[in-house]
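Paired with chain B in one complex and with chain C in the other, chain A is shared by the two complexes that follow.
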Partner chain A sequence: MPSVQSPQAVDPPASHSNPHALLPFLRSQSQNTLTRLYQRPSSCLSIYRLLGPLERQLVMNLLWLESAIPVNTMAVWVVPEGKKLYDDALAVMTGLHILQNSTVKLALNPTFKSSLRQAITGGGSTGSFGVPAEKDDKRQPGGIEVLDAYALERWETILHYMVSSGQGQLPTKPSQGVLYLLQRSELMKANHGATLQITSSGFQFLLHSPHDQLWDLLLQYLHMAEERQMDLVEVLSFLFMLSTMELGREYSTDPLSETQKVLLEDLRDYGLVWQRKASSKRFSPTRLATTLTSLSPSLPTSSSTGGSRVGATTSAIGVAASTAQQGFIVLETNYRVYAYTDNPLQTAVLNLFITMKYRFPNLVVGMLTRESVRKALANGISAEQIISYLSTHAHPQMRKNNPLLPVTVQDQIRLWELERNRLKSAEGYLYRDFASQADYMYVLEYAKQLDVVLWENGAKRCFFGSLEGHANVRGFIERRTGGG
Partner chain B sequence: MRAIKGILLTCDSAVKQILLTMNEKAPFVIEDLDEFHLVIKADEEYRVRRELEAELEKNTYSLEAN
Partner chain C sequence: MEKASHLSVIVDLSPTQWHLSAQADNQYPLSIQTFLSQLLAFLNAHIASQHENTLAVFGALPGKSVMLYSSTEVLADDAAAPDANSYPPFKAVDSTVVQRMMYEFDAFKDVEEEAPCALVGALAKALCYINRITHPSTSPGGAAEDPSILPDPRILILSVSPDLSSSYIPIMNSIFSAQKLKVTIDVCKIYGPDTVFLQQAAHLTNGSYIYLERRDALLQYLIMSFLSPPAIRKVLAVPKQDKIDFRAACFCHKNIVDVGFVCSVCLSIFCQPVPVCSTCRTKFPIKTLQRLNASRPSLAPTSSRNTLPLANLNNATPRPTPPRNVNGGTPGLR
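The block that comes next holds the complex of A and B.
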């Protein structure tokens, strides 16, 4: 990860250094909404899991205290170097209304405190972790394999639809709801009113990990839910409930509210939940749903589909999933790319930035060329994204190399990107023909204070100011000439 | 004192020379500031960028040209 912000060893290596995508959304909600959300133990547990390591530690410190603790007492624990991290963590928690807003005492929000305690110690009968369905003797519940296959199929249908839209193919269409969501999130755009075309943010989206992709879409869904007048607390608590459910278990739909039943249908389209029939009284969360608030992979992995190596899992999905986890790309110094995959989606994603040469049943061979990379750059994908995709999906064999990817190839990809930016442009005004050097210096000084000077040359007595600054600079000159 | 509306182009000196040659055919440069900066007419940027692109492409050859 290139963007590790805190050099302190606070984060375990596997954790994300950036805050989770959902947290800013939660912060933008009212205290009332959040407090209603915190009445559900499963929501509190999920949010706790989304917090950073330091925030989690602070919550744990405060959780079992009956009374508030003075700010000074807590601050004594903090070493000077950690002060900023500590303050940031407190700000995050106050923003989420987990921490009560006070300058003298630190205490958890009472609702949050009692719910999280309940989540940890068990007890109560709120059913916030879902109500398991009665055992049905006639039908066996769908096994984990069925759920994994379903989740993978749904999810890849969406991604495959996106990736193929750029190439004029017509793969299976996801449902209307999904299409609408893709359009709303501007990952796809209607072209000439008819067919949907992938956008540049859509291309970037494809290179993210499934977990990030899922949250991208769910966040968009949450924004939509606000507009559809759905109760956000219901929506969020349902998502959190799903995230704490057990994979492979069936749950009853009876305790769900009307809003949540609508939600259930939408989530079925995305592959987060599985139901035998649309009218079924029971549902099972898939791996996409149960890993929403954890660091485990969102899509099935080889260890879960049998525990053994690739050879043992014979189904196409098993192989694809296991390679997805282990990495499948070999990149050589001569720009050749060997991708050990038979997954059409992975092939299609690779096709975004490599030129395909040969295809075999389990292997795709291609080249990174100037043309192929430029095509990707023109689509809005950045050089960094290509490099990070190649390194995240590098074949285990490649992991022996240090650095992972050949430096020549990395540099060349970056150079190809730079080549496109040989010309930088900025709109604005050229100020010239000043009457005297003093005049020039005076106006320039003012423009510099506004931070609008893009270029200056004292000898020629002229400078270039940005468009935004023009009104101010002109006003300044007019006032000056008018006054004197 | 005068203020002239335009677009400030920042580029390397090679690109600047190409731009100056292009300017001889169809003028668009307002002011040649220094080695790396030019001010051009605001409505010409798109055309200039396209023509420059075409010009630079002439200097590369492709392995894929088959």
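The block that comes next holds the complex of A and C.
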């Protein structure tokens, strides 16, 4: 029986939260690349934000020290139970070359140190936080609503394209660049001929939060940029610059390098950047871009934290406007799903694992059935993903329930998954026709010692051994028959 | 995912104390200008840590307390020109705090006599503010939020003024509210003698009280001790006071007392035996009063600190309890 997990248990404690997807990529870069990246204060600030909470505190502790401090001095601050976390944090920082590699003294990378200091105190002349465009008297800059609508439209076009490719219908195609990226990342695959077909990892991708989806694609983009001989430092620092920009403000394209201008066009396709015209000399980052380094889940359910000013800029990269920022799904114990949405994308995503019953202008009603869930499982979506999608998008009314989703439904979805795993196949050899029971037992004993027996049947005097053990078992039998 | 954290900073802006602090005959003179630049760096460091972190700054001025900055409040005078070399939120904090502080200081130019600093007012405002942001459902238009994304609130008090004994009761009441709201109060004593009340505030809310010894290293102290949210403090320890002065102030004269007399009904504290409790109007037997008066140390009470415990007005048998033990919570204040 699968155990019942409350959705709350999914949250890991702060100190154990998973590292950001970008960090492994950064770690794989050379020290030289990283040091060049660290020359820009905005990059340092963004990378600092991607670090875990403990690493951030350690960076801050070391930031204002002029000289290196002995390792022991810092270790005194660590409580014994936290030793492992502390060591891990130091390893992460050394891996990123934020911390200088030394076993006796702790000191930050001097470039990183001076740039982060500059980011915090302001000043300098690097212009790394984006040069604002001159005020244009003729035209008002696009408002935040325009930007949100644009980002949303772009992003949903991509997702919608993916979702509907599985059903054989093709809506508006995203641009060539996006299609290529989707193909590269194996989220979609060309299926005999030109039509792209969504893959199983593509289905999983659809159920992720917009924030994770965005980083998935950007990481692919970075890998691609490496192959296209683009300067990674310029690509990364442009992304980081975008993440520190202010929503609703216009920035000038003049200080950008050639690489970055190419990048700007690509990002416009993804909906990270808005421009009035392709030839425009100014651009505005959208919410997708300004929330790049915020660690909060950018899910529609987690709208702004109390309407704070900072919070307002971080609130959901809404999959739809304000109504959808709250959850929209009601799941009942009788497996019925009511989704209060008029968004075709959300309907399409739900359609992946739900049998639709009725559609109303603002409401979709469906059932979770064995067939519909099995269809999703066959597409490579896991039961956990379905459950987490349902719980992250649960309607506010559902949030009063504890546990959030009816336990029976959760368990049933997991059981449907287990159903698929009843048959397990393994390659191997069947040993039979033993002359005597003693022979059989003798060989079986030997095979068991090697831990290669997969199945045995004493009455029929045969057993099934795995492929790896065959050579040994065979040699053993030959030795016996040859010797005896 | 990790939670965002909220930090409310209360800055003690007593002009006299800052003037004294900047005198060159101090071992480490610290002027308000240097203090401010280091404080701003600290505030920025807090905002830098996470995009969702919220910040509020309160100033305790003589006779009044003001909010200098809050990240939830829409700035009216948003004239700060964008600058390619600084992160916009940092700039907003820096300019707002400095502007408002200057404005408040200018308003004090003509005042002859300095009223005591309204630390309690600032503390109460900070608590009200935290209450508002952690319970958004009570505020108009706020939606019911998932408790897991509520900020992890802390208050940091940067104190330069000495204790004001008349504010004992309001401070204690604030501490209880903080305990109830699960707010950690941290105290950094930048100048002047240790304050008894703030020590207790930090101790009772599980925060830390630090007396700044090397005042030239203010920023480093601030960052190492007060920047980390409670979750991190479980890994990187933060210094705490090993000795805490638990003395209370009496309700009648607001003096800090070593030996007090406690009403057996409502636990009010008095510096001398009284016939009727001023808080709950309980009358005490004359006999007890006489006995207590007789046993009272007549001379300098400070010298007898370790000899007499708090006596109970009804039952005057002195019990040998150590004086540091005037019961951590001092319950029953109203």
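Brief remarks follow.
Keep in mind that, in the parts below, the second predicted complex is superposed on the first by the 384 of 484 C-alpha atoms of A that agree within 3 Å, B and C clash if a C-alpha of one lies under 4 Å from a C-alpha of the other, contacts with A are read in each partner's own complex, and residues count from 1 in each chain.
Please note the rule applied: a residue touches a chain if its C-beta (ideal position, glycine included) is under 8 Å from a C-beta of that chain, and two chains touch if they have at least 3 such contacts.
Computed from a predicted structure; not experimentally measured.
In the superposed model, A:425 lies in contact with chain B only, and not with chain C.
In the superposition on chain A, contact is made by A:371 with chain B only, not with chain C.
Of the two partner chains placed around the shared chain by superposition, chain C is the only one that A:291 touches, whereas chain B remains out of contact.
When the shared chain is aligned, chain B comes close enough to touch A:455, but chain C does not.
When the two complexes are overlaid on their common chain A, residue A:434 makes contact with chain B while staying clear of chain C. When the two complexes are overlaid on their common chain A, residue A:199 makes contact with neither chain B nor chain C.
Those residues of chain B lying in contact with chain A across their complex are 1-12, 15, 30-31, 33-34, 37, 39, 42, 45, 49, 52, 56, 60, 62-64. The part of chain A that touches chain B in the complex is made up of residues 355, 367, 369-371, 419, 422-435, 439, 443, 454-455, 457, 460, 462, 464, 470, 473-474, 477. By the touch criterion stated above, chain C contacts chain A in their complex at residues 1-4, 41, 44-45, 47-54, 71-75, 82-91, 94, 133, 136, 141-146, 148-151, 219-220, 223-224, 227-229, 231-232, 234-237. Only residues 8, 11, 13-15, 17, 41-42, 45, 48-49, 53-54, 56-58, 60-61, 63-65, 77-79, 81-82, 85-86, 118-132, 244-246, 249, 255, 291, 293-297, 301-303, 305-311, 313-314, 326, 396, 399 of chain A touch chain C when the two sit together in their complex.
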